[in-house]
Every structure is written in structure tokens, then in C-alpha cells.
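Scrolling down, you'll hit the structures one after another.
Note that chain A is present in both complexes that follow, paired respectively with chain B and with chain C.
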Partner chain A sequence: MTVLILTSQEDVTADLVVAELRERNVPLLRFDPADLPGQAGISTEFERGDFTGYLSTDGRLVSVNSLRSVWVRRPGQPAAHAPEPSEWLTAECGQALYGMLYSTEARWMNHPGAALLARSKPWQLRTAHRSGFAVPPTLITTYPRAAKEFASQFKDIVVKTVSGPPPVNPPIALPTTRIDPETDFSGVAAGATLLQRYIPKTADIRLTCVGGRLFAARKTAASGQVDGRYGFYGHLWGAVDVPDRIARAVREYMTLGGLAYGAFDFAEDEDGTWWFLECNQGGQFGFIELETGQPIAAAIATWLAAPRTA
Partner chain B sequence: MTVLILTSQEDVTADLVVAELRERNVPLLRFDPADLPGQAGISTEFERGDFTGYLSTDGRLVSVNSLRSVWVRRPGQPAAHAPEPSEWLTAECGQALYGMLYSTEARWMNHPGAALLARSKPWQLRTAHRSGFAVPPTLITTYPRAAKEFASQFKDIVVKTVSGPPPVNPPIALPTTRIDPETDFSGVAAGATLLQRYIPKTADIRLTCVGGRLFAARKTAASGQVDGRYGFYGHLWGAVDVPDRIARAVREYMTLGGLAYGAFDFAEDEDGTWWFLECNQGGQFGFIELETGQPIAAAIATWLAAPRTA
Partner chain C sequence: MKPFALNHAVPADQSPAVIPYSYNAALQLNVLPDGRPAISDRGVLLECGTTTSTAGSKTHFDD
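So, the complex of A and B:
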């Protein structure tokens, strides 16, 4: 029974999990959809009710019927490395590959159908509310007047992206930013804009959930600091206990979303409340493991290596 | 309670359903994501566990909490009509819009998460097998040798696209085509290729499933005809009864896929067997309704107009 890891060759975070799986002698195949067709190949046959499928890359061939799990890490776009890439070739190869994998009994971290919903910020906020987290009042709008009213009501607010930074190369940073409630909001009409009540925070919290295991880390915030993801403020991540209420809410969120992995970001306020900011279903964990020593890669390997019936 | 129809303005098939809903005085909003932001707008607010959301277009404003259903017909790409469209603006507006809709209790025809799987041909073939349909032996491969072996085994075969025709404008036809089993298959290495045993057919069958209602239509095939979608062979679509075994398999397929709508294509052979070719979860139905008089638009309107608890 093999673990399939869908990711690019340059993904050093995946290397941590690969090392854990190798140590346990769990067979694995690292496969980049961008290499299909060419360095990588697939073949699926349907005959008289039977279904057989194979993936190959780097000279290795694996039957999809023997897959125990699929880890969707940082897969390249199908056919991206083809000599003549095109939108159509990507569609042909992508549907052939993912459709074959959807047809297996493998466990997914995370299933693309679940990831589709879990990536969207409104779904995250709604699901966080339903799960029992404290969530800062938030507005997502294309109406300048709605933005102005929200700013008047909450005074101290931040603006952040809905979908993440622009998909450009080299990447650009677009940190969460405090804005004056008297700002001219007319630009809101040009694109969906996310405004949120600012939470004065004592610390950033990153909670990584792997199956049923929770790893929380805390980094003390500098005074007035808004977005801890950019810049160094003299504090490192350290492991911290997970309050019971948070643990229950995390498990509820994962169940509602059908997720096996999630990286939750919270702002801790003066009262010690953890305010839900977002949950990245494909979030990084290497930097947390590095600073806290929490065995996240090992937990992912354990989840991926478990039998299909688990 | 409002029905939301996500589609472009030029969609005449949607017009049929809109007319049915208007006749029944069911409130509806026709919304094209391409018009967002600009002619269309959205606003979602999350506060103390409450969630409110609004969609507006053409000067009308609808609360998403009052949506009874969402019909995903032929929606444009979010922000496609913006003065300065970009991949990022599409992501920002798309996540804001669909995330808001995922957060509602509305019924979907079809939910994008279900559509994601249902669009892929390997998933369709696998699910058709599991549902009890007769499915022609099929190979999807990037290996010339596998293609050659399949051709040698089945002799009379066709080639078709995995994902549909290339997404170009003006559209090009790429009909299913019979090929010589002695063909040079080396080109298979350049892209995922779908080969299928040719089914000599007496008729094409199109079965449209709307919720629990089935509408089957039959068109006599010309001798040796392969792909009935292109060209006119002197026969029209006529309504036909659905065999019990097919009805059971269709319902199983819809359940496995979490689908509310599906357009099934079959090839009827000399023995009267209906061979599953594909199920298009967003397939057209206007041409069938026109020739058979089957009330498909009315059935869709009935499904969309039903209460949320149905």
C-alpha cells in the first residue's frame, strides 16, 4: 500500500514527510502533475466492471488500486512542463489524472472537493462561527457605502485580501493593514474587499490540525503589530496548550469541512481569547516545526501511512 | 424565497426555465458572475454568529438568506467584464461570491463540489460501472504501448477527448472518431488519450435526469454513424420509455455523485442494450425539449422552486 504525494520537486516541506515515511519503510510515490505527460505517465482501464490504473514517474510504476492515501501538497498544474503547454492539454491531463484518483478508495489530505469550499474566506468565517470560534466582525463587499458604514461602526479596522496575494512571480507581499475609518472607500467598487474589526493582540497563534491531532504554537506580538507573517519582531514561535473550547471547535470545523489537514490562524487578545482569523487547508507547517520542535511532519506521515479502513 | 440562476445573459436555455418560474410567480434573480464587480455587486457581513449576504444586479437586491436554490447554468468567469480584468480580481471576486453562496442553506443544481468530480471522465466511467450500467471497455492513457495493446484486443475502437473540445473561440468540433487498430499510437505520449471499444449502434439515447424525474429520448442512428452530435442524419429525437434497470442505475449514479441534474448519453445496440458513454452534469436540454416536447424546463423549474426542506 503506497502513499501518493502530489507536489513539485522543489517542495522542501514535503521532504520532511518523505523522510518520515522512508524511516518507517512506507512505500511512497512523489508525483508532480506538471510532469504529465512526459517524465510522468498514467494509464487507466475500465473493463467489465473492473478498474485498473497506474501512475509512473522517475521510472517507478504504482497501481492506484494500491494507494492508501493521497497528500495534495503543492502540485504543479497538469502538463505545465509539456513541450507545448496549453489550457486544453492541462484540462485533458488534469481530468485524466484526478478523475483516476477520485475513482480510488484512497484517503485524501485534503480531497479537492473539500478544499474547493475550505479555500473560500466567507465559507471559513461562516463555518468558524458554526463551530464555536470567536470571529471578529467581518465585511466582504463591493459596495463603498457598506464599507463606510462598517468602518463607522467598528472604527478600528483592517483590510485584507479575500483570496490571498496576487498570483504573480516573483510573489508580492500584501499584509493585513490597519486603515483609517475616514478612508475614501470608493475603490471598493473595483473589487471584493474584506474589512475586519482589528483585534489588538498579545500574540499570534498558529494551530495545525492533522487528522485528530492538534499542535498549537504562540508568538508574542510586538505592540501594535498587525500581520505577524511579515517581518521579524524579536519573538519566536513556542508550543502552547490548546484550550478545550478551541479543541472542540477545531474538530467541529474539520468535520463540517470534511478536512484532514488545516492550519488555523488566531489572534490572542488581552483576555486570552483566541480570535479566528482564517484556516488555510493547505497551510505551511515547516516553520512551526522548526521553531517549536512539534512533530507535525511525523503526524502527517502517521496519518498518510494509516490503513485505508482507518 | 428566491431562485438564483448563475448564467450569462446570452443563455437562451436558461430563458426557458425563467419563463416557467415567472409563470408560477416564483421570485428569481439571474446573475452573471462576469458582471461582478460593476453591474453586479455583493456584500456579506459576519457579526456575533449572524451571517447576512446580498446579491444585486440590474438594480435588484436579494438576500442570500432567502435563497431557496441555486442553478449553476453557464456562469461567466467572475470579473470577466471588469474594466481591468486579471487572474487575481477573478480569484478575489469568485471566492467572495461562491464562498457566500456555499454558506447558505440553498439547494444546488449542481453544487460545484459535486460538479468537480462529475465532470471528470474517469470518475464517470467508474461511477457508471458501480451504478450498474453497461460501459464499453475504455482506456485513458499516456502510454503508446498501452494504446496499441488495447487496439489489438478490441480491434474496432474510437478515440475521443477526455475533457471535451479545446476551449477556443470560435469553438471547434472534435467528434468521436473510429480509428484503425494499426494506427501509429506514438502521439499518445503527448497527451492523455481516451480509447473506447466502438459500439455499433442502432440509436443514440439522451436521458436527462432532473431531481428524481427521468426524460429519455431516442434518435435512430444512420448506418455506421459514430458521433450523433455533429451533422444531420435524417432522424429526429423522440421520447422513449426508460427501462427499469436503467432507471435504477441513473438514480444510483445521481446519489453517488450528489447530483441534482445530469444529461446521460448512451449508445443503443442491436440487442437493445443502452451502453453508457458519458454523463454531462451541465448538459444542454433545449434541443431535446424542442424535438420531443418533453417538459424538461418545467421539471427544472419545479425542482428549483421546491422549498429548501424538500
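So, the complex of A and C:
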């Protein structure tokens, strides 16, 4: 039985898991949908109730009926490397590939349907609340007046991107940024805007959930530091225990989302409360593993290598 | 009118121009010029920032 890893060649974080699987002699196929068609190929046939399918890349051929699991790591857009790429070709190849994989009994980390839902910030906040996390008051709006009222109510607020930075060249970043409540909110009418009450934090917490296993890491925040991803103030990530209440909420969240993997970000305040900020269903883990030594790649490999249940 | 969130954009960190490893199709992972797996060199990984929390921001939704 084979593990299928959907990712790009340059994704060195995936290498951590590839190496774990190789060490355990677990068959694997690393496949980038961007190489389809061309360097990679697929074929599937539905005949008289039977279903067969194959994937090939770099001289390897795997039957989809032999897949035990699929790890959606950082796949390229289907057909992105085609000689004449187009939205239509991406749709054709994407539906053929993923439709074929959906037809198997393989376990997913994470299923693209669940991933699509879990990327949505409003869904994340609602689900986090239902799961029992502390969630900062948040407004997502295109109404400047609503933004102004939110700022007046909570005084100290931040702005975040809803979906991530735009794909522009040169690339830009949109760090979480504190906003003066007297600022001009007219630009809110030009795009959905996410405002959130600022949580003065003593530390950033990154909790990585792999199946049922939890790996939490803590990094002390510098005075006034808002977005822990940006700026280096001499603080490193260190492993930290997971409070029982948080562990229960994480498991509830993962169940509600149908997720096998999630990287949770929390802000720890001076009372020790972990405030839910977001859960990245495909979040990075390499930087945590490198700094803390937590065996996250090994846990992913263990989950992927487990026998499928159906 | 510029969307409000873009008023707070900053230039993204650029990846180093030269990544000191390349993909090896036989091994299905990236290797250094001397043939060692890239993941065996912690310094390379940290220097290239390929595993950091913002590494995927340029091409993916999740950090």
C-alpha cells in the first residue's frame, strides 16, 4: 500500500516526512499536480462497476486502488507546468485527478473539501467558539461605519487579511497590524476587512495537531509585538504542555472540521489564557520541529502509514 | 479606492536567490550538491527559510 504525497518538488518540509517513510520502507509517490499533463500522467477507467486508475511521475506508476493515504501538502495548481497553461486546462486536469482520488478508499490529510471549509476565517472563528476556545471579538465587514463602531467599542484593535496576501510582484506581506481607532475606515468599502480586538500577549503558541497527537510550542513575545511571524527578538520556540481544556477544544474542532491535521495559533495573555487566533489546516511545521525537536514529521508519517480503515 | 487591509502591506521577505539543494527524483527529496539530503543540514534549512511559518505565504493560503 502506497502513500501519495501531493506537493511541489521544492517543498523541503515534505522531505522530512518522505525521509521518515523511506526509513520505515513505506512505499510512497511524490506527485505534483502542476506536472500534469506531461511529466506526470493519470488514467482512470469506470467499466461495469469496476474502477481502476493509475498515477505516474518520474518513471513510477501506482494504482490508485493501492493508495493507503493521501497527504495534501503543498501541491501545485494542476497543469501549471503545461506548455500552454490555462484556467480551463487546470480545471480539466484538476477535476480528473482529484475526482479519481476521491473515488478511492484512501485516508486524507486533509481532504480538499474539508480543507476548503477550514481555510475560511469566519468558519474558523465560529467553530473555535463552538469547540470551547476563547475567541477575541471579531468583525468582518465591507461597511466603514461598522468598522468605525467596532473600533470605538474595543479601542485597541488589529486588522488581518481574510484570505492571505494578494499574489503580486514584488510580493507583499500583510502582517497583523494595530489600528488607531480614529483612523479613516473608508477603504473598508473596497474589500472585506477583518478587524479583531487586540490581545496583549505574553507569548505566541503554535499547536500542531496530527491525528490525535498534539504538539504545542511557545515563543515569548517581545513588548508590543503584534504578529509573531515577523521580526526576530531573540526568542525561540520551546515545547510546552497542552492544558486539558485546550486539548479537548482542539479535538472537538478537528472533529467538527473533519480534519486530520491542523496548526493552531494562539495568543497567550498575562493570565495564561490561550486566545484562538486561527487554525491553518495546512500550516507549516518544519520551523517548530527544527527549534523544539518535537517529532511532528514522524507523527505525520505514522498517520499516513497506518492501514486504511475501509 | 484601495482595500483597507492593503494600507498596511509591507514588502515580503525575498527568498535567497540561490537554493543550495535540488530535487532528486530517484530519492523523491531534495539533496545538497554533495548528495546528502537537504534536511540533514539544519543550517541550510534555517538559512533558506523554507520551513518557516511564512514560507508558504507567497504561493499558498496557509502559513
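Here is the rule we go by: the second predicted complex is superposed on the first by the 306 of 310 C-alpha atoms of A that agree within 3 Å, B and C clash if a C-alpha of one lies under 4 Å from a C-alpha of the other, contacts with A are read in each partner's own complex, and residues count from 1 in each chain.
The working rule: a residue touches a chain if its C-beta (ideal position, glycine included) is under 8 Å from a C-beta of that chain, and two chains touch if they have at least 3 such contacts.
Since the structure is predicted, the reported quantities are computational estimates derived from the model, not experimental observations.
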| item | value |
| --- | --- |
| First, second, both or neither for A:R74, with chain B first and chain C second | second |
| Chain B versus chain C as contact partner of A:N280, first or second or both or neither | second |
| Which superposed partner A:V12 touches (first chain B, second chain C, both, neither) | second |
| Which superposed partner A:T161 touches (first chain B, second chain C, both, neither) | both |
| First (chain B), second (chain C), both or neither touched by A:D244 | neither |
| Which of chain B and chain C A:D58 touches, first, second, both or neither | second |
| First, second, both or neither for A:A190, with chain B first and chain C second | both |
| Partner chain in contact with A:S43 - chain B first, chain C second, else both or neither | first |
| Partner chain(s) touched by A:S120 [first = chain B, second = chain C, both, neither] | first |
| Residues on chain A lying within both footprints (that of chain B and that of chain C) | 119, 161-164, 166-167, 189-191, 194 |
| Residue numbers on chain B that touch chain A, as the complex places them | 36-38, 41-49, 51, 53, 79, 82, 86-89, 91-100, 102-103, 112-114, 116-117, 119-127, 129, 135, 137-143, 146, 150, 161-164, 166-168, 189-192, 194 |
| Chain A - residues contacting chain C, complex | 9-16, 18-19, 22, 28-30, 58-59, 74, 119, 147, 159-167, 170-175, 177, 185-191, 193-194, 206, 229-230, 263, 280-287, 289-290 |
| Residues of chain C that touch chain A when the two form their complex | 1-14, 19, 21, 23, 25-30, 37-39, 42, 45-46, 48, 50-63 |
